[in-house]
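Think of it as A, B, C and D in the order they're written, each chain with its own count starting at 1.
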Amino acid sequence: MLLKNPNKKAQVNNETGLGTNTALSGGRFFNKNGVPNIEVSGLPFWGRLNVYHSLLSMATWKFISVIFFFFFLINLLFACIYLLIGTDHLGGMVAISASERFGEAFFFSAQTFTTVGYGRINPIGFSASLTASLEALIGLMSFALVTGLLYGRFARPRAYIRFSKNALFVPFKEGVAVMFRMVPYTKNYLMNVEVKVTLALKIEEEGQMKNKFFNMPLEIAKATTMTANWTLVHMITEESPLYGFSKEDMNRSGAELLIFVQGFDESFSNTVVSRASYSYEEFVYGARFAPMYHPNADNTSTILHIDKLDDYIAAELPVKL
Amino acid sequence: MLLKNPNKKAQVNNETGLGTNTALSGGRFFNKNGVPNIEVSGLPFWGRLNVYHSLLSMATWKFISVIFFFFFLINLLFACIYLLIGTDHLGGMVAISASERFGEAFFFSAQTFTTVGYGRINPIGFSASLTASLEALIGLMSFALVTGLLYGRFARPRAYIRFSKNALFVPFKEGVAVMFRMVPYTKNYLMNVEVKVTLALKIEEEGQMKNKFFNMPLEIAKATTMTANWTLVHMITEESPLYGFSKEDMNRSGAELLIFVQGFDESFSNTVVSRASYSYEEFVYGARFAPMYHPNADNTSTILHIDKLDDYIAAELPVKL
Amino acid sequence: MLLKNPNKKAQVNNETGLGTNTALSGGRFFNKNGVPNIEVSGLPFWGRLNVYHSLLSMATWKFISVIFFFFFLINLLFACIYLLIGTDHLGGMVAISASERFGEAFFFSAQTFTTVGYGRINPIGFSASLTASLEALIGLMSFALVTGLLYGRFARPRAYIRFSKNALFVPFKEGVAVMFRMVPYTKNYLMNVEVKVTLALKIEEEGQMKNKFFNMPLEIAKATTMTANWTLVHMITEESPLYGFSKEDMNRSGAELLIFVQGFDESFSNTVVSRASYSYEEFVYGARFAPMYHPNADNTSTILHIDKLDDYIAAELPVKL
Amino acid sequence: MLLKNPNKKAQVNNETGLGTNTALSGGRFFNKNGVPNIEVSGLPFWGRLNVYHSLLSMATWKFISVIFFFFFLINLLFACIYLLIGTDHLGGMVAISASERFGEAFFFSAQTFTTVGYGRINPIGFSASLTASLEALIGLMSFALVTGLLYGRFARPRAYIRFSKNALFVPFKEGVAVMFRMVPYTKNYLMNVEVKVTLALKIEEEGQMKNKFFNMPLEIAKATTMTANWTLVHMITEESPLYGFSKEDMNRSGAELLIFVQGFDESFSNTVVSRASYSYEEFVYGARFAPMYHPNADNTSTILHIDKLDDYIAAELPVKL
């Protein structure tokens, strides 16, 4: 396996924060969605657990399931406690059978936990009253927590950006350019957007396999506003780390484009960041992105078609890669 | 239609993030209030929907209406469920007629959803108790959500800035300057304010209509604090993209001034941004802004008149535009 | 009244964002506490009103009073509605006299608004039930609002900095320096602190009175961390705008030092800013700040005396100002 | 005690914000965990107290204890008030003995404070009703506060970074380098990370003991992303302030490395900072960090061992320090 070194003029990037020793790391650096391809071990379960962030980032249906399940469990627990104390300490019960009594204790618990407190069933005596008081307190604190979590889930600043599925090698200005594009898919517009692209290669250096990182300069890397799609363009000039690389060179050196986007989101009034990654398997050679927007019928506004983000059309390259 | 190119000395701005192909876009770039003039299509309804941000940005009366309407709907739904279960499972009802029974079920639902739970009417048996428990849980989660939304609505950092309605062409230092002004209209003062102005023109280049963007340098573009009105001044010098432009040139090339303001709001302790746009239809030729502030009676403080923001007085230009 | 111009070498600051026309403004620019000395007029009451920020920034006792008063008013209102509907629609009342009936209606309202809902008194019939439902809804929304306000009040990032009462003219390095100091008075430490000082003078220029602003360069204007007191030092060199100024010159030109501090607060993880102002009346000529900290008994830690912030001791100046 | 001055080529850092007078300060500058080694005095208790931040930063079990204790105290208080008003104003009580009556009053209070309001016991008459209304109001406000505090505790942006226990003196490139390392221990990845290292020495200058601060340039001080461990390297070259220093020199001058880390946390979408400090007692001479990560079994991902953060292996230095 002979791996090609990029031309000397390419600009090495030593500030990626990623490891250079291929013997230590495995697989691509970032997954397609930009999440680092790293598993953490060696931390005790509780130290590693970041409950809050798990609850913030899990899918909505999971989050709601967790709440309902917790509600069920806590009522089960308190129902048992009330039964232990004795159902004669719960006034107003109409149940007769044991299972009915358990049901009434369970729903008394639910009425206490949610602080509805209809009062038909109500605690009598010290133990039952104390338990009910504490349950109401715990109930309120639980809902305080849920309030914060719901707010945190919705209000968390995020970059509402989608990236095209592929990076294209496009005929451009009598040469070849690498292009990918992105689009804000909600009304969260970004200002002062900056994009950085880094190329990661696994190449041989002084007899050892190394991860090497190179800057990929862009034609335009900054934008005052990002209100529609934006195509990022890296021209393969003599200064490009990909200059002289064939498709096979890229595959064998496990080429990966690491994308970093930073901008100021107007809705959140907050800086947001986004990451993406294009592995050599996601490169398309000889193609061009299809247009994504056009004027409306009376030419007073622009219509943006988000669903065309990934669309490209074949285009012959001036050279064979 | 022959369109004029700006003088060669004007500074082109390629980092606006706006499209350059007039055949693809329609209308002005930003509406008067700074919102991008873009419609989004091609996303499935749910993917495009950003419920949270809709609820955050809608008018207060609409937001309150949504809550009341949701409250009505959810009680209607639960009232039906209680009726299906059977009103004999709701103890304490005094209603006799069917419509009265529905009313009691509806208001029992409301008492449960809000967790008031007077208890005169109360659930008896498994189905009714379970439904009531879940309704109370859903009620609490709904109010948790409303808590977050209300906080989000009030606490969202925004630039409390108003812009003058028009951009004026003003006689200034033996020449002509383009001026507009802005003012903070609440006690939210900004620090480290920066203003950028970009001129957008639709002009012919190599036989094609293109959107071209030019920097409009300002006399003073930064301010340590913005505590009162601030008039932004672009002098039409030989370096200005508007040098030599007549009123008709501006109209025909659809001239649009894009304004970007960024600052640090002291109350929010947050960076805020604001955008505005002056289309050629909002230009006034030969005018001067009226003063907006003066000392108070005993000269110990300054009084700022927000309502004079748009006021201008006629002023003859040294040259005919 | 003959006013002295600062020496030509002084660095003019045109980016203060403050007005230069003394005929238009009155008094000092910032009050002692850094709040701009400006009154706003000409806005309709509701447009100017920023209820949220008023509630956020008012004193705690005022805020609590507002809540209690609102609670009283809303219960008064609903008590009247229940009386209008008729107290026979409130079941369980034990009151007999009219005033007692009003009391029961008032407290039924309170029990509904807070969602306690004991249920001894409970609504019967459509009108009373509907009113009670809406009151419970309004109650929950009010507490949702209060939750947000309380959080906003406590969590709002602020610079917990105190400034010395006076700016001192201190004998320093065979010359004179202007000094003031500041200290973080809670455990909110700042990082990457920057201080800017601007001198404002009212002087005559081309026959007109003008506000002029000058940079006041500091010996050290940045600090990686601010964990204890920090004395800011402006040496009166030949480049200083105060070079050659006598005490009387300063008084007659209404000298005012405008202080801007910016830093990153570790507790809030947020940038915070602070402003202060020293008017010529707050200058002390010939003094030196007293030390504010010393090692503890066993020399393992440092003790900081916040109450010594304003303390200074007389020190003869090498020249008479 | 003769203390050695660093070589002249070392870069002095006057912008640390730390005091230079050793006679005024005691002990190390920052404790091992990065918290400033300063005690504050001279503020009245209430002025110094920052209740919110205490409640935000205390351990979780303490925070919960505070809430339960407050709940107990407030119910005790209101129970006394209800007893003062007279238990005949609490309808529905079944208690007979004085202690039972106190218990019923206490739990009635708890039911009111949590707004459960079962209603078996309910207030009758003006005084009891008023007290109960106010208690419910105070209860709701308390839970509003707890909601904010819980959210604040979880949502507060923090740098989830751990630092190695020791700073190592490592044989490196035919010389010696000072190294320490850090690792993000949750899934909170940082972007645009910057590290600054400052050396603090207590040395004699012009016959006086002074704190002197020097920059410690790093081989690589910035990283676009920090997804795994990062070893910071300061090479002891001729420009290093430690050039020519022996172990004894470092001990006698109380050498302390002050570490400042700043980055943008993706989960919080917020800038976070972290501080650490290595005192001369935490230096290890002649060692090398053990690897912390390796590929997974099928080489598709990288596994990071957080528990190896502090591990080092002995390594002979080319020179004796």
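Please note the rule applied: contacts are C-beta pairs under 8 Å (C-beta built on N, C-alpha and C of every residue); 3 or more make two chains touch, one makes a residue touch a chain.
Every value quoted in this text rests on a predicted model; they were computed, and no experiment measured them.
S.K.: Under the document's definition of touching, what chains do chain A and chain D have as common neighbours?
M.R.: B, C
S.K.: Same or different, please, for the chain B to chain C contact, judged on whether over half of the interface numbers appear on both copies.
M.R.: Because under half of the interface numbers appear in both copies, chain C and chain B meet with different residues.
S.K.: Can you tell me which pair among A-D, A-C or B-D shares over half of its residue-numbered contact pairs with A-B?
M.R.: Copy of the A-B interface among the listed pairs: A-D.
S.K.: Just send me the rotation angle from a CA overlay of chain C on chain D, rounded to the nearest 5 degrees.
M.R.: Between chain C and chain D, the superposition angle is 90 degrees.
S.K.: Where the centres are mean C-alpha positions, what is the separation of chain B from chain C, in Å?
M.R.: The mean C-alpha positions of chain B and chain C differ by 27 Å.
S.K.: Averaged over CA atoms, how far is the centre of chain A from the centre of chain C? Could you give it in whole Å?
M.R.: 38
S.K.: Of all the residues in chain A, which ones touch at least 2 other chains?
M.R.: 115-119, 147, 151, 270 - these are the residues of chain A that touch more than one other chain.
S.K.: Treating touching as the only link between chains, describe the layout with one word: line, ring, star, complete or other.
M.R.: complete
S.K.: List the residues on chain B that touch chain D in their complex, please.
M.R.: It comes out as residues 115, 117-119, 147.
S.K.: Which residues of chain B touch chain C in their complex?
M.R.: On the chain B side, the touching residues are 67-68, 71, 75, 94, 103-104, 107, 110-111, 114-120, 143, 146-147, 150-151, 154-155, 160, 185-189, 191-193, 220, 222-228, 230, 264, 266-267, 269-271, 291, 293-296, 298-308.
S.K.: For the complex, which residues does chain B have touching chain A?
M.R.: So the residues of chain B in touch with chain A come to 14-19, 24-27, 36-43, 47-48, 50, 52-53, 56-57, 91-92, 112, 115-119, 122-124, 126, 129-130, 132-133, 136-137, 139-141, 144-145, 147-149, 151-152, 156-158, 196, 198, 260, 262, 268, 270-273, 275.
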